[in-house]
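Chain lettering (A, B, C and D) follows the sequence in which the chains are written, and residue indices restart at 1 in each chain.
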Amino acid sequence: MDLDSTFNFKKSNIGRLIVKCSDKPGIVAAISHFLHQKNANIIESSQYSSDPEGGTFFIRIEFHLKDLNSKRQEIETSFRPLAEEFGMEHYFSYGDQIKRSAIFVSKETHCLLELLWEWQSGDLETEIALVISNHEDARSTVESLGIPFYYIPANKNIREEVEAKQIKLMNEYNIDLLILARYMQILTPNFVSHFPNKIINIHHSFLPAFIGAKPYERAFERGVKLIGATSHYVTNDLDEGPIIEQDIERVDHRDSVPDLKKTGQQVERRVLAKAVKWHLQDRIIVKNNTTIVFQ
Amino acid sequence: MDLDSTFNFKKSNIGRLIVKCSDKPGIVAAISHFLHQKNANIIESSQYSSDPEGGTFFIRIEFHLKDLNSKRQEIETSFRPLAEEFGMEHYFSYGDQIKRSAIFVSKETHCLLELLWEWQSGDLETEIALVISNHEDARSTVESLGIPFYYIPANKNIREEVEAKQIKLMNEYNIDLLILARYMQILTPNFVSHFPNKIINIHHSFLPAFIGAKPYERAFERGVKLIGATSHYVTNDLDEGPIIEQDIERVDHRDSVPDLKKTGQQVERRVLAKAVKWHLQDRIIVKNNTTIVFQ
Amino acid sequence: MDLDSTFNFKKSNIGRLIVKCSDKPGIVAAISHFLHQKNANIIESSQYSSDPEGGTFFIRIEFHLKDLNSKRQEIETSFRPLAEEFGMEHYFSYGDQIKRSAIFVSKETHCLLELLWEWQSGDLETEIALVISNHEDARSTVESLGIPFYYIPANKNIREEVEAKQIKLMNEYNIDLLILARYMQILTPNFVSHFPNKIINIHHSFLPAFIGAKPYERAFERGVKLIGATSHYVTNDLDEGPIIEQDIERVDHRDSVPDLKKTGQQVERRVLAKAVKWHLQDRIIVKNNTTIVFQ
Amino acid sequence: MDLDSTFNFKKSNIGRLIVKCSDKPGIVAAISHFLHQKNANIIESSQYSSDPEGGTFFIRIEFHLKDLNSKRQEIETSFRPLAEEFGMEHYFSYGDQIKRSAIFVSKETHCLLELLWEWQSGDLETEIALVISNHEDARSTVESLGIPFYYIPANKNIREEVEAKQIKLMNEYNIDLLILARYMQILTPNFVSHFPNKIINIHHSFLPAFIGAKPYERAFERGVKLIGATSHYVTNDLDEGPIIEQDIERVDHRDSVPDLKKTGQQVERRVLAKAVKWHLQDRIIVKNNTTIVFQ
């Protein structure tokens, strides 16, 4: 559901509050009382508790408030005592604060094209600030949309200097989210540490099946009847980061490895686009090595 | 999610509050403040607003409270002023108040068997008080589980007296929910008016396609590629009541009408069981001719 | 399965034979004997009989033959007596005979973009000869790929002259397949009669539900839980032509009409692309008002 | 598609021929010519070649022939020279030769109940000859249907004698197919060697993810968004046998381990029933460690 489009609120009057804390009675009462006092109207609210007795509580609230723009600082400041009382990790975000994305891509452009399509049709609320690739294949498509394209050849021998260039660009462009749209290079722990829970990858299998390289070849040999894809946040453990979304398509004995790849591409682009969309709307909270997704 | 099983609370300490009212700021704050004052802990909460400005607001809260059994009347009484202030329609229900179901069935027993299976495995929290059929086919299965079985022959010429018998039994057995598990007789408006939003039917098509009789034959002729089923509350408009759940299975040109029927049966039993489960957990709210389902 | 890619045959050495006739014993034996005599190797074969006793038999055979290019006429000629003996409707096609497509589009370009994406990635074996639209929205996208774009404003008052222009272009460009990629204008019987079983449309509902205009609005009002799309050949009966493919996505009470439309667009582009792909590979046979699809 | 039901042939007049051999031109011509000479009418035919040049060819033909009962021996004998010429592995089966099944089950009965339900409704064409369990839970259900039930307690210390008893019963009852309907004991290589490609297991994960014990617990920890099940033939490599069918259901962060198990049970029973059905209709051919399934 996209409440903004549904109710035609001004984006600048939409706020989001995301909270994580130890569960105990009274949290919802305290937060909703706070927002009510500020005259904010809750338009969407999702919560989850890992265990109402001694577990962790998570809530995402979307609220509407006239002239929110001028009231943000006051709201954030006056929420702090409450946050401290309950020991909350929390943040506010606002409907007009569009996140800035970078996309890394290699030769295969199906995921990139899907993201560009969704972005053009207004379904991805982000500014695609730049695209970086170790191949030139995507340049004309990207540049024709007015998006800067950087060609940075990469291989494992020059990984450090490549990543230094990438990090420099990420900082220059002030990037909030990095999308690995089938970028076939491994990222070092140093790189990953710069963007915690801010790098989304698409893996071409139903993780944890076929972790690592050549998943379609191995799926073919194993004779699976479904081909999957997994989008996840990138951590230092390759293919082991928190899963955001997964999906599958049916295949059968007639499908060759290239057939599996083509089928897989359809799943990959769908699954990646969903994960990115949810991230942009602050719908994902990481909990240990899993995600809570408030759809 | 089945919170009861998840957290091992005593069922008698679980309460549910379902509310419907005009949307305006402060509802969530008021309700959550009320529950907090009563020392209740919210363990699940789902809400929906048809429009935050002038629409209708719906919320379902599941809460936990020690010794809830002895506090129910006090809670319900003290909630009334708040309900009046906001103009709420509302009700409370409790985890140990198991709803009593009646199942009507004809010759085809696949939906009945599915419900009995789910019930035996503890997934349908209901007491199946009786089964009524216009055929004897299901008797031995039903009675072997210790459930009373009533054979009431039916046809359109004797509809009034048949329904009189059925209503009498429904009252004797103190029924909360009537499940039409492929009961092939039409119910009169008089009958339906006795059980508003308490009769769940399974229709053997993806409504509103193939309303009425012989949907599989018509689906075959139309050459559809998907076969669906729809569970809905029964109203006086045949096949037009609020839809609770729908699902489909893929078919192709090789499927004959009997094949479509067999495929359809798989969908029917799955879709009916889901609708019944949600109803039993007070997860469904009827809004005009649609449903809000808080899964 | 895409055998061409799988086995790396030269496309010009791949032949397809599609046959429809009254079922009787010996058809498969006769055809396979014929092909064997010509030294052709059957690489894929799919058949269907509506009834082995007195029904209609359909078969699609894909075969490989060295130097097929120079043998086509001889094969087609020598097959004729056999075709006459069994009363076959039949045709041959060849892997290097790429069909020429026209795409008609209006303002919404999601289906067009999907087709262009599949085409660019080599998954749609067609030459997209031209795009015709009653709006200018798609021009730059289309022309940037080197495809001619024709802007022909349309409304019901000028339908005849519009269609005359379109037919002229279709003939000039020697079009084999017309794809209506969300072209929101009604076509006259005269127009349709020029391209029997050669116009594929995408309808934005699970037909026969929500035939006609505004299906998403009506789906919203009816409270359906699934949103579908249907691709079909266009006949003179609006929305009543032979269904090629259908699919659905799940929605719920939170989805507004714009949400349903966005969800529907995802289904539409997937379903249309599949139908077009199968048509291009001669996998679809029309039987009365239904289709046989040899996937 | 169930052709028998579709066309109302006498089951005894339905034959099936399953063939596997090196691919080369003329196989289909030879087989179809042979059947035509015998006056048999091909009513269904499915074929697959791993590679038309030097690969392996597989075909499953279903044919109809009047008074087939009295002609079987003659047909099988006269097919032998052709089989030798092409180096075919092959077998014939007949519509009235119902396979005899044994079901092994432990405490969880959901898969057993599904099989019994499908069997009662005529969808599993088998004679369920006996059920063996290491628990008494299923006895009354099984015996009420007139099926012998054997309670054989089992644990790893007495595995040999347990399997000896089981093999003895399997032989006494002349079993064609052994279905492990959530039988939680490991089978020894000796046991498995008695029934090659005749033991179907249901594994409670999307293999090869979560091979081994406690898949739902591990799926929960890994935070997967889909729960799967896999039916496969049993080989000596635990959980590594040829996969017959797989399917999944969507789950999310709210689902506890028990929730995942319940969801998984729905997938398990569906997936196992499909695999069994296909096996009974001779639709599955094992190729290395994969299966060809002619649906």
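Keep in mind that, in the parts below, contacts are C-beta pairs under 8 Å (C-beta built on N, C-alpha and C of every residue); 3 or more make two chains touch, one makes a residue touch a chain.
Since this is a predicted model, take the numbers as computed values, not measurements.
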item: Chain separated most widely from chain D, comparing mean CA positions; value: A
item: Repeat of the C-D interface, chosen from B-D, A-D or A-B (over half of contact pairs identical by residue number); value: A-B
item: Inter-chain centre distance, chain B versus chain C - centres from mean C-alpha coordinates, in Å; value: 42
item: Approximate Å spacing (C-alpha centroids) for the pair chain A, chain C; value: 36
item: Residue numbers of chain C (touch at least two other chains); value: 254
item: Of chain A, residues touching chain D in the complex; value: 48, 206-210, 221-226, 228, 242-248, 252-254, 287, 289-293, 295
item: Chain C - residues contacting chain A, complex; value: 1-2, 5-6, 110, 113, 117, 121, 123, 144, 254-256, 258-259, 262, 265-266, 270
item: Parts of chain B lying in touch with chain A, wherever the complex brings them together; value: 7, 23-26, 28-29, 32-33, 35-36, 39-45, 47, 49, 51-53, 64
